[in-house]
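Next up, some structures in structure tokens.
Heads up, the next two complexes both have subunit A, just with different partners, subunit B and then subunit C.
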Partner chain A sequence: MGRYILKRVGYMLVTFYVVITLTFLSMKMLPGTPFKFANRLTPEQLNQLKHYYGLDQPIPVQYLHYLWNMLHGDLGGSFQYGMQPVTEFLLQRFPISMELGIESMIFGTVLGIVLGIISGIYRGKFLDWGTVTLTVLFISIPSFIFAAILQYFFSVKIQLFPVIGWDSPMTHVLPVISIGVGVMASIARFMRTEMVEVLNQDYIVTAQAKGLSTVAVIYKHAIRNAMIPIVTVIGPMTAAVVTGSLVIENIFAIPGIGSQFIDAIVTNDYPMIMGTTELYAALFIVTILIVDILYGVIDPRIRVSGGKSS
Partner chain B sequence: MTTTEASVTKDLFGPVEADNSESEKISGESISAWKDAVRRFVTNKGAMASMIIIALIVILAIIGPHFFGYGTDDQDVSRANLPPKIGALTWIPAFSGQEGGVDIYKEKHITTNYWFGTDQLGRDLWTRTWNGTQISLIIALIATLADVLIGVVYGGVSGYFGGMVDNVLQRILEIIAGIPSLVWIILLILIMQPGLFAITVAILATSWLSMARIVRGEMLKLKNQEFVLASRTLGASDGRIIFKHLIPNSIGMIIINTMFSVPSAIFFEAFLSFIGLGIRSPQSSLGSLINDGYQMLQIHPYQTLYPGIIISLLLICFNIMGDGLRDAFDPKLRR
Partner chain C sequence: MSHLLEINNLSVKFHIFGGTVQAVRGISLNLNKGETLAIVGESGSGKSVTSKAIMGLIPSPPGEIATGDILFEGNDLVKYSKKQLQKIRGKEISMIFQDPMTALNPTMKIGKQIMEGLIKHQGMTKHDAKKRAIELLQLVGIPNPEKRVDEYPHQFSGGMRQRVVIAIALACNPKILIADEPTTALDVTIQAQILDLMRDLQKKTGTAIILITHDLGVVANLAQRVAVMYGGKIVETGTLDEIFYNPKHPYTWGLLSSMPKLHAKTDKLLAIPGTPPDLSNPPKGCPFAPRCPYAMKVCTDHMPEYTEMSSTQRTACWLLDERAPKVEPPATIGVGGSNND
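Let's look at the complex of A and B:
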């Protein structure tokens, strides 16, 4: 297990290094300048500005400089906000995105597991049919369309929730639902498959033969075993939540990293784009790592066969 | 019941003469795996309905933009923000040409009907919507091709040759897959100018990964089986073994996976256009139309409604069809 974790951490570092390098290189290839009124500046002024921001040095030097600063937690200054440190911005906005993400994950996971269990137990019945239909709809409809529908009906038409913002608990409801239903649908689908499979296992028949009540069989034997593989979907789920929150933050004007990122792209704010991209990548890579390790801990069969085979 | 049972006596039973030639006979025609899958797919009502809806959308996307002879970018402010009106359907509130109880068409003295209404620049939304659908479908097509060409070849080579080749290819793939596809796509789109080409390259670059993995797995499973050994003994080349034996045997998995990459490609285009990184005006795509309409959502909800319905329908139908194909090709995976 120790060796496995070490190997995974090694891959993680390599991947992350590649991300940093690629982000840096693509930023250097970007068209346009980061200066607002570049066409009104004289070449001397432009050179002065470039010198001030360190953009006049050869690219390898800039690269090493960037790496060195990064090791010290310094992601450079935002071009757009008068060289305020990017790290500061991200630290300030990250908790908000995290809050949105975690709330959506909890909402989606809990509801998804419950729906999946119900659907699995009543397989082929009306309840199952309803759940399956619902999951296909929620997996297919893009979160931003869903958000627009919710916003239109619940905020504009019946004015139950605020249209935009992120302060009182009421403002959390619609964004969390918008992201959460996608999570819910994927998890419900997965949970249903697991339930159906577990309920067909021999040990369920044994439990029934012992005379256990249906509730006890389902609660003690079926659900517990069906829950294990749920851990594996949580990794890919994170990616979906990150993508979702990017648009949802924009739609509901939530001051998280997502809306900041879109803002930075539009204004060619290189350091901000790089910082945010790296944060996203780090988040994604670390989550996958944790999920893989967690899975090894929960399910001993995987450890025996020497790590997940993918 | 008891009375009839009593009348059945032992001497009514006797051995049946078994004809040896009968046991060799195969009743029912022989069905290939392919035919079997088609048969299962056709009986799946949801999947068939989805296929018909997709076909309708494809046909409308091709002929729709030519219905009224407007171009995608024909602007005319005098006919801006007209609600949808369809001559024969004016009894349905959504197609009456009225907004807030007022007949906008009468107010603006406009006699032609706009089926999906017009946007704030007076562009015909029917034309723009179906043009946008074309873009989504083109992207779906490209994603499919990328999956099949890059993914199958990469996975096939990696799985078949194994050893050092596999090791190198898998490490590369692991690193590419370790970076979220959103980050890849945004970086690629930043370098290139946003537009159809950039989106295409971005989707090409990320969509083949899962296909490569799946094909590699299939190859590893199949390559040591007897029929491959037999073929090799007969002197078949590597290329022939891969393309004649291994890939046809994993075609089910390939088709299933392709079907699921189509909706995700359509979604990504819409997502990127919605956040302003994709197709830009004057060109239209379903995502950019939803974005444009979204600005007017509170006043003119119909501008978001139709592109939203069409993209949702496309995604739902492709997903249901994918599920249907999976059940048809691999009944073991039936959920």
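Let's look at the complex of A and C:
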């Protein structure tokens, strides 16, 4: 197991390095400059600025320079914020996005699994029909429309929750629900499919033939097996939710990393773009590693010890 | 009256999109304590549905037991509630399944899968149940049971898994064991081992076995009595000797002549030309009529009644009517080796 993880971490680092390099190169191909009024500057002024930010050096030099600094924990300074360190921004804003993402994932996953199980058990009956309708609805409504509706009813009309902000627990409710229902719908659909499939397996009949009660058959034999594949979608989904919540962050004025990222791209704030992308990539890669390890833990067939079987 | 299991006029239907499948059409059977009854017939003849009906495991919907009763020690299982059936299953009547690769829960240790029944039916503690599980593994011939009890199904070969399935079924000393094609999914050499094991275990435990198979070789190995099933009906029943040496039904003849002689591995049942009837639109008369070389006009219109050939043999065929022409069984019926007495 230890060796396996070590190997995986090795691959992870390679993947990460490739991502850095590709981002660096593609960023160099972005049109425009980081300077707001570039067309009004004299060539001299432009050169001075480029020199100041190290953009006059050949690209390979810039690249190596960036890597070297990165190894020392320095992601550079933001062009738009007077060279304030990018890491500072990330450290300040990323935890907020992470919090929003994880809370939404927990909300959506728990509800989604429960709904999926119920739907799968009562396949073809009223409860299933209701759940399926609900999930189709929630998957097709974009989260920002849902957010606006929630805001209108719960904040403006009955004033139960604050309209915007991110401080007291009350401010978390609407953004988390806005993102979470989509997660819930996807997980519920996935879980339902798995549940239906597992309930058709021979070993369910074996369990029934032992005389176990319906509850025991479903709880001990069906749910666990149906949940294993869920792990594989939860990981990437978490990463997607954390990195993809920028619209919701905008609507609820949440000072997360998403809005920062948009700004950085619009203004060609190279170090900020790099830093954010790297963070997203790291999050994704680590999530996938965790999923793989977790998968091995819960599914004995894949348990990664020495790969012995007979 | 004193049969361990008595099935009377059992019909099972499945109401599916576009019609009703009459999988089992009024069969009657009985099983005595400690004996082995084989149900033979081609795939689709209703064997598995019959065994699921006995277990109370017909999925409903779409399934339904339309008529008949299943008397276990005199009590009608058809009338039992779900709770009552759960007390019978695994305790009084158990089942082993065709495919050992899929019959075990892949994420549960096999010990635990054996223990579940013991804990449920015999109120054992986990500790005692585990001890018993190890004994059972030993009983079904799994080497090193103390270690293997904590392993998962994927660590066992197909034959070993079928032994585990048998251990699960025998855990609570059931009075009846239903084995639905227990060797069909296994290699030929493993098949023989599993059949030997079943014979041994029956000697030790006295469990009555309903052996479901399409393979007459397996039947000859294990059964004392045989019921031949076709198109949802039982067309002939008799003792092993009667079915092998004095069969009266043309379908039984067909099965026997298509039995591989010696070790020739031919495709068993293809020897009877044609296909079984469509049970969503079952024939009015004898289900075998479209394939029967001796079919007469009456066969397609009317289902033949049973003719009692002996106190143990019953056959449903118009050829046994006194007005029918006399027909000799084909010479191709070879019976598991020489039969020249």
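The rule is simple: the second predicted complex is superposed on the first by the 271 of 310 C-alpha atoms of A that agree within 3 Å, B and C clash if a C-alpha of one lies under 4 Å from a C-alpha of the other, contacts with A are read in each partner's own complex, and residues count from 1 in each chain.
Rule of thumb we're sticking to: contacts are C-beta pairs under 8 Å (C-beta built on N, C-alpha and C of every residue); 3 or more make two chains touch, one makes a residue touch a chain.
Owing to the predicted nature of the structure, the values given are computational and were not obtained by experimental measurement.
Of the two partner chains placed by the overlay, only subunit B lies in contact with A:V196; subunit C stays clear of it.
Of the two partner chains placed by the overlay, only subunit B lies in contact with A:T15; subunit C stays clear of it.
Of the two partner chains placed by the overlay, only subunit B lies in contact with A:T277; subunit C stays clear of it. Annotation for subunit A, partner touching more residues between subunit B and subunit C: B.
When both complexes are overlaid on chain A, the residue A:F144 reaches subunit B alone and has no touch with subunit C. When the two structures are aligned on the shared chain, A:Y152 is found in touch with subunit B, with no touch to subunit C. Residues 310 of subunit A lie in contact with subunit B in one complex and with subunit C in the other. For subunit A in complex with subunit B, the residues that touch the partner chain are 11-12, 14-15, 18-19, 22-23, 26-27, 29-31, 136-137, 139-142, 144-145, 148-149, 151-152, 156, 189, 192-193, 196, 239, 242-243, 246-247, 250-251, 262, 265-266, 273, 277, 280-281, 284-285, 288, 310. Against subunit C, in their complex, subunit A makes its touches with residues 201-203, 205-214, 216, 220-221, 224-225, 228, 298-301, 309-310.
On the side of subunit C, the complex with subunit A involves touching residues 55, 57, 82, 85-91, 94-95, 97, 99, 102-108, 113, 116-117, 120-121, 152, 154-157, 165, 168-169. Across the complex, subunit B meets subunit A through its residues 174-175, 178-183, 186-188, 190-191, 193, 213, 263, 267, 270-271, 274-277, 290, 294, 297-298, 301, 304, 308, 311-312, 315-316, 318-320, 323, 335.
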